[in-house]
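Every chain is named by a letter (A, B, C and D) in the order it is written, and numbering of its residues begins at 1.
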């Protein structure tokens, strides 16, 4: 296995929610991202996956736990000391309409990281670099001086990607980069992300709620439920043979676009996500889990290794 | 290679298609659109311009002096010689109105600009920094906003004393708090926007984020606020002057002219009514213009 | 049961007329789930709103008829329409978060339709509301009636909306992207609930951009593109044997994502602007098999096999002279 | 709910303290000894010093402030320099008039404003809409003194329908209240119209229509209640501007009210009087805001439950 690029150890983050209440957004999460791979992060809305992504690159500071970059802890660093790392981690946003400043031209948008890190000496050089980047993501150079609102969603997402790769990052966190796009455009963007990864040796953390997309693009996957990782492992193994009941229900709930494979009889998860403010005791999943026992209600399961995979369940594979 | 070329062509076409959806709207084309769609706003803009020009070129527009008395023609009603009549000193009211426009317009614009700058800076600081700075500024704003504005203006005038500059300062001090509040809430909203987060991801400095990403996106709100605050400044000043607390002679504002005419109101109502009407017109013009600007500039308050 | 004939709905904007729905004909037989699928801006929601009579200015139904059990509801007066809405046809919307009145208890909102159409007593309405809450799977039905919308999760709110739409046992339910705003596990639950409702006698017109949703629940499918229907067939035929290049492209996009292919199939370009449609086939600009006449001549809906129609020149039976 | 109200009450008290301190400081950084100014150039220096000491004006500002507060809590706002009477008594006499005037004006403004706003929204772009909105813009743009003087000229001086000044009978309140409320009526009407139009675009309005509610039912049962929320917030602000306007109206119609006392305070360089009246008006505004907050949380369940 290649070198570990980014490692998180026991990250915790809570947000205040009214009087004396807290949202437990991320609890005790540890993960590793290796150089050159794509790690998928899957979960339903409100499970803390976006918060986790932002904790990793210190857009949000953790309450406890630490982040290591190539083995060096960076959690306590001052913003100035961290800036050399900051340059190496970029983010692609979900909403291509909200993530580009409407009052800046394409050139200024893509040039912003170049200027911040003084990559280019002169204005002409900057423009040249911007044109190169635009070409790389498939936005014609003639639109250099246009504003974001003049582009379609897919094109805006391309501009966002150009901005993310401008300062030559190592890791890009893709936060639901295609979920706001139409199906046909979604595939164009996924192809582009792949292409850039092979050309530039990028590492991705790919956050999504769409299992098909994650399955397509990732090497490894982490499944999150209510602020915790409940299962992780290589993508095909995990999809073929899930160990955590939640993973299995997630996979079952996928709507296959094939009328011959209707899942009318498949078992569905009951109820809704418990509130992240009043967490259930013990295993956080036990209120929805049909296999839950008294043990699950009282004791929180620890992460255990099974083969090349990790799962946090007292009874992994119980449903088989 | 061929495939790639084709792809680029397609994408170029993409954008041409997309760009039809939302044609480029520069500031001028926006104003043009407003003028076309909102005739009232356009007329108001012209009226404001006329007032400004009249104030600047007042000496060329009238053959009377604004201060020389003409005791033979005291309190004469509107006639062809004196379009709006004369006052108790026989001075032509139209002439005094033109000169008064200088003060009244200045009183609308200067303190408003001042309060906008103070309010915007404090609002930005408060919204972006949060925490103690925010609490301090906002409590201060709460206190300022708890006063009925006339009474606050009266107290500040009392504190500073008379004089044009002091009137400016007073009006600025009365108005900054509401500007700060609005800018703060706008900043809070913009701060959560993904493009501001994107700038933080890139690692740009706070100053750049505030002045390049947040402030320009507050501008539409600020422009609208400006056009709506100018008339309220004019109204406050005229009310102060009406009570005899604002501009003092020999400077003449419209509000002061109203006040001067009060004692002759039943014999010569035009003394007070003409400047009142002038105040009403300019205030109305600014209000119309502000509404028109809001319709085209503010995406939240779409045209209705 | 519902029959829409040559429906045209347009928006009259400053920049010109936008034909959001252009000559759409469709049919919802009793007891079936019929789907409309298409990308954003293709006019599928507008079709639904036209049927409900909820098109907002500057939009207007220009022509066409909408027959509910043979009665043309386009020509009814507003008063007569109100009597039909909620009792015979009802609708659920995409955004469960904003589709409930925030300051009124959900129980009251659900009972409202009942009080309005069936003139029942308050107590009976409440009993019926509890009943329907239980039927749509809302736990603690009695307690929930007294909740305000903001106290419920997205899935529960969507259930409340379904309960509200179903309480008068309408013949037709129009569901506009009912699961788009929901999480996958909840989405599956809601879809199953809708199937159950259909089993108990209500026809459903389901609008979605998600081919998975369509494949899973619909009996018959209409594919819309740029305001027009480009293909229609029963679900199995459509997925097994798509004919229109657009339908093919859509299906390929989705299936290549699942096949493990390295490079995904895409449809080049974007959905065209409805203000500047070409004279001919609106898909011609993105079509891989675009012919000369495609740009200028609008293709007809051809029947390729019984119940399967395609709007494409590839299926022209004879060359026009 | 109770906690919510208590915390708001606490906030209101803090703001009031801040207000008091601010006025106190502002009125005391005026250059020169107020007693000396009051007594004129030829006053005996010893007398000035004696009086200054008597009134405690030679002590540090903070101590003066605390003493003032303590007195004020006991209902003693000091003695007016210019009128020679206790400020509290002066204000007591005047307050009733101002309150009656403001409440009448507010009722006039809100009833007129809300009705015409709703009608304008329902008849959007119709004749009534243009009529009402034109009138409301006129309302917003006319200075209070202009309305007051016009009303006085037409209805009192010319037609003799109503008294020209003073409030010896209830009739005396009509013209001042209309003059004062005119402005607010305009802005309330405009806000009601725009809020209502915005709310009629909301998704839940569609839901209600899909249920089969007619236009009137949707408007009354679903839109109005939501539309009232921002209007309530505005009403609180309006109340404060009514008190501002009262200064002018009282002056035009010679009504013995708080506003006129404040003007007297300024022209008489009468710090205790000015301080008392401003503090008192602000107290009324803060109370109004507090009540509006409470009303808001009664009407909006989203605020009610949370912090």
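Annotations
Heads up, the rule we're going with is that a residue touches a chain if its C-beta (ideal position, glycine included) is under 8 Å from a C-beta of that chain, and two chains touch if they have at least 3 such contacts.
Computed from a prediction, not measured in an experiment: that's the story for all the values here.
Seen from the C-alpha centroid of chain C, the farthest chain centroid is that of D.
Here the chain at the heart of the shown protein, by mean C-alpha position, is B.
Distance between chain centres (mean CA atoms), chain A to chain D: 53 Å. Per-chain Cα centroids separate chain A from chain B by 47 Å. A separation of 32 Å divides the Cα centre of chain A from that of chain C.
Residue positions 7, 14, 17-18, 21 of chain B each touch two or more of the other chains.
Shared interface positions of chain C, defined as residues touching 2 or more other chains, are 268, 270.
Residue positions of chain A with contacts to 2 or more other chains are 152, 154-155.
On chain A, the positions that touch chain C within their shared complex are 44-45, 152, 154-155, 182-188, 190-191, 194, 209, 211-213, 215-216, 249-250, 252-260, 262-264, 268-273. In the complex of the two chains, the chain D residues touching chain C come out as 201-204, 206-215, 217, 221-222, 225-226, 229, 299-302, 305. The touching residues of chain B, counted against chain D in their complex, run 139-140, 142-143, 145-152, 154-159, 161, 231, 235, 238-239, 242-245, 255, 258, 262, 265-266, 269, 272-273, 276-277, 279-281, 283-284, 287-288, 301, 304.
Against chain A, in their complex, chain B makes its touches with residues 7-8, 11-12, 14-15, 17-19, 21-24, 193-195, 197-204, 208, 212-213, 216-217. Across the complex, chain A is touched by residues 39-40, 139, 153, 155-156, 183-189, 191-192, 195, 209-216, 235-236, 239, 249-251, 253-258, 260, 262-268, 270-271 of chain C.
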